[in-house]
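Structures given as structure tokens follow.
The two complexes that follow have subunit A in common; it is paired with subunit B in the first and with subunit C in the second.
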Partner chain A sequence: MATDKKLCLSGRGVTKVFGIGRQKLTAVDHVDFDFHEGEIISIVGESGSGKTTLAKMLLGLLSSSEGEIYFQGQKRDIRSGRKRQEYWKNIQAIFQDPFSAYNTFHKIDTVLLDCIRMRGGKHLPQARKVELMEEACGFVNLKYAELTHKYPFELSGGQMQRLMIARIFLLKPKILVADEPTSMIDACSRATILDYLMKLRDETGMTLIFITHDIGLAYYVSDTVYIMERGRFVEHGSADSVILRPREPYTRRLISDVPKIHEPWDLSTVVFA
Partner chain B sequence: MPNPILEVRDLTTRYITRYKESVYAVDHVSLKVEEGKTLGIAGESGCGKSTLALSLMGYYFPPLHYMGGEILIDGQNISGMKPDVVRKSILGREIAYIPQAAMNALNPTRKIIDFIGDVVRAHDPSWNRQMIYDHARKTFEMLGLPAEVLQKYPVELSGGMKQRTVIAVAVILSPKVLIADEPSSALDVTSQKMVIKMLRDMMESGFIKGMIFITHELPLLYNVADEIMVMYAGQIVEHATAKQAVFDPLHPYSKGLMGSIIVPESGLRDIKLTAIPGVPPNLKNPPAGCRFAERCQYARAVCRGTSVALSAADPNRLYRCVVPEAELRRLYQSGD
Partner chain C sequence: MGHTIRQVFRSGKFVVGFTILMSVLLVLVVYPWWVPEPPLQILGQGTFFPPGIYVSAYDASNAPVLYTLNLRDAADKRIESRLSQEDRLAMQEWLVADGLAESAIDLADTDALLALWEEHYEPDRRLPGMTFARMRYYQRVDAGLDSLRSAGGGEILAARNPETGELEETGMVKLTDYANISQVANVRILPLGTDNFGRDVLTQLVAATGVSLLIGFVAGLIATAIGLTLGLLAGYIGGWVDDIIMFFTNLFTVIPTFVLLILISFSIGQDQRGAITIAIVIGFTSWVWTTRSVRSQVFSLRNRDHVNLSKLSGHSLPRIIVADILPYIASYVVMALILQISSGILAEAGLSILGLGPRTTEVPTLGLMMNWAMIYQAHVLGNWWAYLPVLLTIALISFSMNLMNTGLDQVFNPALRD
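Up next is the complex of A and B:
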């Protein structure tokens, strides 16, 4: 199913080494991946496994020490500022902490207007801009009229994260990297955020790269799951095959670490490290 | 029947804002923790879970004020005590608290052992260095933490290790009741499991006698707690055994919460997760009737009129809804 889709982002031997000499630390170690268009891909691993470093490399915020990243089949070139700007029109991100993601001095309008401007809508008539903003807020079930003159700190964490998704809806990038988008918010608002992310994929056909440590969330949202251990992908495949029939002991451990309700949660195997 | 280790009757506390408005964050809450049991408290952010935890410890520093009710720890009433007295003689010995961002509680410029020294000497100045070290070592070893941790600075420890260290420091004076306020929400699933295992071990070895576990992660709560209390807008809306609360919730709010459970089990992808629409009411002027009525899909005219009392479905099971039990069940069945 996935094979007949177009490649969106792929990497060969992507590596990131921090530090030199004795302090050398390989955060991401020669990983290969193929992300297809319109897929939801999860990258799962425990803290310190290199998930976020990989995400930063995909976003072009960090350069890779070795290996190449290909965007739509072409070698990615973001060496100049202008090319990087161009690349960022195609790839956007949602981060863990919605509270620090906004500029505190900018009202919500400004946040959304910036997105419209980035899509080349700077000279649109005001009425059209408002219409676009209303549509984006409506997408995540927020009311534009209630938000217009507010500052980000006046919103709750869940609302901020939803507004982040509204931003992405306006920007319509080809790829969205969501780095633990639900870890800072309530379990009750979590389902909503995940559902909006899935809706975003369904409506705009973007590729979604979802990074998490909770394999349950990964199973709920994604088509393909990549399991990351110490900078390497140890297992990947469709969500059903990886989570219901895991091959690697590491994957099995990740699954057993998540509390469940229908199956017993075995605490006796815990090793204090 | 064993004596409850912690009993709370009709506890009410409020915040007084700068404009002299009252916010009743804990509104007539009664609960009991029996020896060897864990009580879980669930609810959305802002529903009063953490305020309840602070209130239980008698930690009344402005803007939080005590309004009424009784808190009995192993028979001793602490509700009338001054916060300073509570801090000196009750906290740490009778009742201990693990805050939400516990890893930030450690002082970055001091070694763990010095930090423990401060804690112990604040309660009993007669301890000397060697006594503190021996005691700390014994406790750490019992809780599965390596003794080397004592000589380290917080920056040298990983997140999960810091969290477990803070828990160990909290229980260093062997309190009777432990209040864990989201002890694992900042950790990944693997460290979370270690923290839970540690708490479970403490419980089983009788090191602590009772625990209150606060979290919004329902699958976790189900595995940790014996009983679950669901809070909404400062009130208890449901109190049942863990099994009943998760698989057979009575209150429409609990029902909604259970609809947002995500677990890696085979049926998950076929279920449509449901989220509760809307936001909780502003507690400065809470609605006169049922506080959940605005967001409840089963709400009717009578819900908005008068306030709703807790009613008992059976002796160990309470819920706060005007609709009788049988009718609620029928509504849920026709809805599914």
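Up next is the complex of A and C:
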């Protein structure tokens, strides 16, 4: 069903090697992928399998050691600072650890103002900016008035991650890479975060690359699933085919770790209870 | 920012160090009002006058009012201080010749010595082998002792009449005459005595502390500025920029900085070396350590997610360095600066002790004072006031800065972990 859509991000032989000599470590090992516009793609793998490394390469925050990444069918060129900034208007991220994702010296509204500026709203009247920020905060059920003069470390992890989503709400990128957005959050907040993320994706229709170690979650949210084992994609396909009819033992093992995977999923009762 | 500063001032160690340093600075500011003369002015004819209150003998005997005080122990004290070691030895010689055991005589105990003298001395007796001149010498010593003890004794003041050239009596200073020190026209306190050139050590020390702090500050600022800039560039940009910077940093690491400092100071030549020149030389040879540590800090910061987020928010490289990297290492840089200042002061002292410090004619520095004290062997002669206060000042400044540094460390390190 996805194949008739336009390609938005794809890669051939994408590799990342850290270190040299004896300490050489291939974190991402010749992976190929095709992500289509509007799809929700899950990348599933256990800890240390190279998910974050791949995400950083997709985002252009880390250069690849080998291989090529294509953006909207074209070879991605982000060698100059200007081109990188242009690229980042299209692709954004939610990081794994909200506690280290903010500059602790800046107040929270600078984060949101940066987004407005990036969307060309630098010269908007102040009242309009506040209105936009209020709207964004409202989307994730945060009170702008309460946040505006606080520092990031004065928020809870869940609130920080919601603020990240508010940021994406303002930026409206074509692609969002969400790197385990709920793994550092307490179980109660997880459901809400995912809820907002899915609501945002439904409203904007953006491509969502959802990285997780929880294959049950992947099954619940995604159209397409890529299974990553020690830097390689060992299996991929539609969520149904991969998870209900896994071919690889690694995939089976991931599935067996999650109870009740074949039962119908309900956000509020099963996964996040 | 304000929050951080409040935190810093809640650290006991920092506050103690800061208070010491501020007190030193306060003294530097206030002292010149009290003693306005230039620090290198030569006051004393002679070397190493000991610390004390110097009263003009002329002004004391010519004070407007002389008071008569009959103090019981005045004579004893007077004899105690007037009786020279030579006289005491001569008295011992007499007593031994008179048949006393040498061990029975304690030269330091004036009272006992005088009692023995009283008992055994006979002015007209000539001991065997004694010259006539020697006999007269003993008579003089004895007469002197008598006059110091007699109640009505004193000395006549005389002046030469400018017309006749004759000596005329102008007054009499009796043994019981006292001048009130506040009525003596010229009194000079030299709390730390004078140095080898007869200059007031305390005045010099105050001026030298100021100059040394300035040298340390300039050297520290230069070293920190260079170290910070190179460290930021090497750490953040990496690649060939890092390679080039690390090449020079390693070069400077291999060459011992102090040797380099000596060579540069030597080649500049004595006449060209002002205090600031020395400070600049010290600054330009001591940035290596700051560069290395800033670089490694930046290395670990540049891959942090808040930097990534800043990139994703479209910020430029200079803005990321200034807003997302610099604040995280600012506390560290302040600590490095404090250390650089105190090591700059020590480097100047080291150079000056070798005679390669600033030229000696304009301003004193702590190092120069040490250099002078050593050349004139104050430490051999036991003239502690010429070098001990200098050492203590250097130690005090280093100590206060290190305290401040430790205090900052305690405040900032938990924050660095975030």
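In this section, the second predicted complex is superposed on the first by the 255 of 273 C-alpha atoms of A that agree within 3 Å, B and C clash if a C-alpha of one lies under 4 Å from a C-alpha of the other, contacts with A are read in each partner's own complex, and residues count from 1 in each chain.
Just so we're on the same page, a contact is a pair of C-beta atoms (placed from the backbone, for glycine too) under 8 Å apart; a residue touches a chain by one contact, two chains touch by 3 or more.
Here the structure is a predicted model, which means the values were calculated and not measured.
By the document's definition of touching, of the two partners only subunit C reaches A:61; subunit B does not.
Judged by the touch definition given at the top, the superposed model places A:85 against subunit C, while subunit B stays out of reach.
In the superposed model, B is the one of subunit B and subunit C that contacts more residues of subunit A. Contacts of A:114 after superposition on the shared chain: subunit C is touched, whereas subunit B is not. Legend: residue contacts after superposition of the two complexes on their common chain; A:103 is shown touching subunit C, with no touch to subunit B. In the superposed model, A:47 lies in contact with subunit B only, and not with subunit C.
When the shared chain is aligned, no partner comes close enough to touch A:208: not subunit B, not subunit C. Residue ranges of subunit B in contact with subunit A, taken from their complex: 44-46, 144-145, 158-159, 187-194, 196-198, 200, 216-220, 222-223, 246-247, 256-257, 259-269, 273-276, 279. Looking at the complex, you find that subunit A touches subunit C at residues 56, 59, 61, 81, 84-85, 88-89, 92-93, 95-97, 99-106, 111, 114-115, 117-118, 153. Contacts from subunit C toward subunit A in the complex involve residues 304-306, 308-317, 323-324, 327-328, 418. Residues 46-48, 156-157, 185-192, 194-195, 213-220, 239-240, 243-244, 253-255, 257-263, 265, 267, 270, 272-273 of subunit A touch subunit B in their complex.
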